[in-house]
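In what follows, structures are represented as structure tokens.
Two complexes are shown next, each including subunit A; its partner changes from subunit B in the first to subunit C in the second.
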Partner chain A sequence: MSAAATSLLAIRGLRAAYGKIEALKGVDLDIKPGEIVALIGANGAGKSTLMMSIFGRPRARAGHILFDGRDITALPAHEVARLRIAQSPEGRRIFPRMTVAENLQMGADATPGSDAERAASLARVLKLFPRLDERMTQRGGTLSGGEQQMLAIGRALMSRPRLLLLDEPSLGLAPLITKQIFAAIRTLNREDRLTVLIVEQNANHALRLAHRGYVMVNGLITMSGPGLELLQRPEIRAAYLEGGRHG
Partner chain B sequence: MAAPASYPASAEPTAGFAFILKKAVISALVALVLFFLMIGIRTEAGSSGQLIYWTRFGELASIVGAVFVGSIVIELLRRWIGPVGGVELPASVRGGFAVLGRLLAPALLIFALLVPVIFYNQRYLLDLAILVMTYVMLGWGLNIVVGLAGLLDLGYVAFYAVGAYSYALLAQSGLPFPHFIDTYPYVALDFLQLGQWAFWVLLPVSGLLAALWGVILGFPVLRLRGDYLAIVTLAFGEIIRLVILNWQDLTGGPNGISGIPRPTVFGIPLTPGENGFAAMIGVPFSPTHRLVFLFYLILALALITNWVTIRLRRLPIGRAWEAMREDEVACRALGINITTTKLSAFAIGAMFGGFAGAFFATRQGFISPESFSFQESALVLAIVVLGGMGSQLGVALAAIAMIGGFELFRGLDQFRMLVFGGVMVLLMIWRPRGLIGHRAPTVFLQKRTEISASLVKEGHG
Partner chain C sequence: MDYFFQQLINGLVLGSIYGLIAIGYTMVYGIVGMINFAHGDIFMIGGFIALITFLILVSIGMTMVPVILLLVLLVAMAVTALYGWTVERIAYRPLRQSFRLAPMLSAIGMSFVLSNFAQVSQGARVKPVPPIITGGYTLHDSGNFAVQLSNVQIVVVVTTIVLLAAFTYIVSRTRFGRDMRACEQDQTMAALLGVDVDRTISMTFVIGAALAAVAGMMYLLYYGLVDFFMGFIAGIKAFTAAVLGGIGSLPGAMLGGLAIGLIETFWSAYFSVEYKDVAAFSILIIVLIFMPTGLLGRPEVEKV
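Moving on, here comes the complex of A and B:
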């Protein structure tokens, strides 16, 4: 468990299932402070399940999730979030009838913090995504897909997270927008030392961005290593790049 | 049904005509099946209890024919009018509407304050105004649960009933459990000693009891959403009504409770005697005083409901309600505790229902389970939906339209419901999001720009 001691997030032997279908079959994963870690894999490999099980849905059947040395395996979702693990969920899940300003405010509401800290987070988010600044009074549902993704990430950042989980941030977005969003993640990591776990089907982008990557197949981690190194491996190129470009 | 793709733009009239005819035939067939037993055959119990029946195929044929012709007429009208919603109003007209919209709420409030002055001599209208205000308050209370938190509650009348019965029982006989008082004398507050203050002390008590029942309902339905939640809340409303109906010892069952204490002007009774309110302020006694007082009382209660709702919407709890309505999963991921958020919505909504119930009891002086049927829940829900879920002004307008409209069409006798249903269908076609579908934002941006500007200047981030 020496690795777990230095990790911000350590997952050990995690198993989770939907009814009888086992989605995670004993997963180990480490994220060190200040790292960007990419989790790649095909549809249905269990990537999103892993991310969601950090928030307790589905609940782990075996294994442990340690955050900063503390076992959070059995915590309810809202308490996990209050430890400053923020999530930009799959499909973005912004609040469509609420304004952009309200969406961002929601990100800060449940976690403790002073007004000054909130104002600072808001300023940070708006500097990172100037598009949101122009749309503050607009309803979330009227934004474009890319803007909604920015809003989802911005909302997650409002709680000043120690760990940011991003589930498929490039899903359904134009390549140019994807680039902008990945650039913003890199900026956050460099300037704010934000630790990021990014789940992606777009292996090329994700592995270029990440310090380290994990490859998931059928509920198991099959490979791991530095992002660029993984990107060079022929089996990865074959499975997720040449053949998987359509994703 | 025929392919919808061909419908709006169907170019050739012949194909269009075939389509119209086909649709009319299908509608007529559906009507035939539906009405065959309902109208085609009439049954009745004979003199010695045997079943007698006769057929009414003539009426059946005329109804099916009416559906056939009606379907054609509607379809032709649709084509003639063209696609709905393409009309763009000129800017000046829209600006005028916006000004009207801003002035509407203050104008309504001033009108409400003046109602007892204007209609002082029209007892019927005063009574109606009190009734309308009661439904405005119920609508605003339910709006917290349905409009803001998005929890479809079909049993809201249960809390109205809990409030009414709490007030009636406690005001009449103190705590309803003599045994309980004997065992725990230190908790026994003898409400009979309250005298003229009974209403004012018991009003908050009734609200709190209703809120308690809101939480009790909330717990089992925490995991339910949408249709499932609606069914359970519907059942809850019925359970409360049936318990009241059958617990004869406590509630008097179907006979109800009469002689419920009337409200006082903060301790001063509205009676003709020496100590009455009229003698106190030196005017001749009139029974209208009580009506005027009741009107201002319910107006004040309703405005409190409105004010609390508006305040709560701007606090994290109110924002959490609305966010929960939009997306529960996202809320959890943002650290919102869904359990407390849901329970608080149920409790606060129920509390206002309880206040309204206590008011209803003191106004009527008599309550029975008949006043708390499912129809009331449906009516209040219709007010909220018709008003535009979440819009305070819309709910008030809908309550006025619904309850006022009900009285307006009284002359139509048995056709009243028919007219009413028709108007509702038309309204929902015309304004599917309710009278006022616009949602007012709750986070404002005055401070934000300067803060961000100053931080940017300092080179933060």
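Moving on, here comes the complex of A and C:
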């Protein structure tokens, strides 16, 4: 348990299922404070399920999730969010009929904070993604894919998270936008010491960004190690880079 | 022309009452995607609570009409809201993960439960009250026809406008309103952002029931009677109003309510009272043929 004691997030033997289909078959994963951890794997490997199961959706059938040493396995989703775990989920899930400003406000409302703190996070988000500043009064549903992704990350940042979960932030985006978003994540990690778990199919980008990486296959972690080291391994190159999508 | 204006006034008053009930249908549909068939009976309960409160206040010797009305309004809203909360809690929430029709069937059951409860506990006969708000103004008198605006009509319309303003403010400007809209658009995401979805849904039922209670009280003041069955037809009309305006749309519910109230009144005035419901429902059918999402409804397809 010594690893769990120093981890911000520790997942132990996590099993979760949708009905009879077991999506997670005993997953162990650690994220230390200040780390960027990448979780890579093919479509349907269980990456998004793992991310959502931190919020109890689906609820774990076995195993534990510890956040800052506290067992949050059975906590309802909204209480997990209030512990300052923020997620930019698969498909972005922007509120389409709310303005950009309201979407960001929803993020701020997730956790308590003074007006000054909220203003500071808003300024931070708009500095990272100046595009959002021009779109404040526009409805979320009218934004482009890249802008929606920025908004989803911005919304998550508004809760001043201790742990940021990013699900496929590069999916469907132009390379230039992807680059901007990854640069923003790196800045947040360096300047604000933000801890990040990033799920990606774009293994090349994610492993270059991350301190450490995990590889997931069919609901199990099959490999883990420092990002650049994983990137050198031939089996990773074969499975996720060569012949696959390039970043 | 005078006759026309008189009917316009009458139609707007009736429409206000329908609109207040319709908001409850549309809110609940927006957030949980079900038609709350018990909502008309919640309106009926509101009327009875208003009547009972009124009788109690008078029997303990209160005489100041404005104070009585205000107290009746507050008590009716509070008690009826409790009914709304309870109905959601015992009849809908346990079925939320069930198949889509289950809560709807449960709602029909709750509708019977509430109306039978009122019948058994209050009796089946119509309960009349003497006019509480009397007097009014003659706006125009052409000799053979006088356009009247009664004080009770003024009270109904002013109360509706004030409540709608407050309600619109809550939905568009407050944190609770934002949480409500978030749940309506994406419940999972709302939960990921710390919104207690169950609580927000409960509060939606509470607000819908409180507005229905106001409608029930206005009905009592305007028509001077309540009975255990009044929720059925008023509920159907208000539901029609919500669909006509575009179910899920709050301004649509009010617009639909006014439209149904006006159609019904004008049809009764110029054609036949017997066929007023046929007229209202025919307009609904015609509008839905050409605008399937209602007057202010949004199309199902969203750019995401």
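Just so it is clear, the second predicted complex is superposed on the first by the 245 of 247 C-alpha atoms of A that agree within 3 Å, B and C clash if a C-alpha of one lies under 4 Å from a C-alpha of the other, contacts with A are read in each partner's own complex, and residues count from 1 in each chain.
As a working rule, a residue touches a chain if its C-beta (ideal position, glycine included) is under 8 Å from a C-beta of that chain, and two chains touch if they have at least 3 such contacts.
Treat the numbers as computed from the prediction; the structure is a model and nothing was measured.
Superimposing the complexes on subunit A yields a three-chain arrangement in which subunit B and subunit C clash.
Of the two partner chains placed around the shared chain by superposition, subunit B is the only one that A:A119 touches, whereas subunit C remains out of contact. Once the two complexes are laid over each other on the shared chain, residue contacts for A:L220 go to neither subunit B nor subunit C. Of the two partner chains placed by the overlay, only subunit B lies in contact with A:T137; subunit C stays clear of it. Applying the stated contact rule after C-alpha superposition, one finds that A:A17 touches neither subunit B nor subunit C. When the two structures are aligned on the shared chain, A:R155 is found in touch with subunit B and with subunit C. Once the two complexes are laid over each other on the shared chain, residue contacts for A:L171 go to neither subunit B nor subunit C. Residue contacts after overlaying the shared chain place A:T99 against subunit B, while subunit C stays out of touching range. Of the two partner chains placed by superposition, A:A62 touches none, neither subunit B nor subunit C.
Of the two partners subunit B and subunit C, it is B that touches the larger number of subunit A residues.
55, 57, 76-79, 81-82, 86-87, 89, 93-98, 102, 105-107, 109-111, 155, 159 are the residues of subunit A that lie in the contact sets of both subunit B and subunit C, per the superposition on chain A.
Within the complex, the subunit A residues that touch subunit C are 55, 57, 76-79, 81-82, 86-87, 89, 91, 93-98, 102, 105-107, 109-111, 141-142, 155, 159. Across the complex, subunit A is touched by residues 316, 319-320, 322-323, 326-327, 329-338, 439, 441-445, 447-448, 451-452, 455-456, 460-461 of subunit B. Listed in rising order, the residues of subunit C touching subunit A in the complex are 175, 178-179, 181-182, 185-186, 188-197, 298, 302-304. Those residues of subunit A lying in contact with subunit B across their complex are 55, 57, 76-79, 81-82, 86-87, 89, 93-99, 101-102, 105-107, 109-111, 119-120, 122-124, 126-128, 133, 136-137, 139, 155-156, 159, 191-192.
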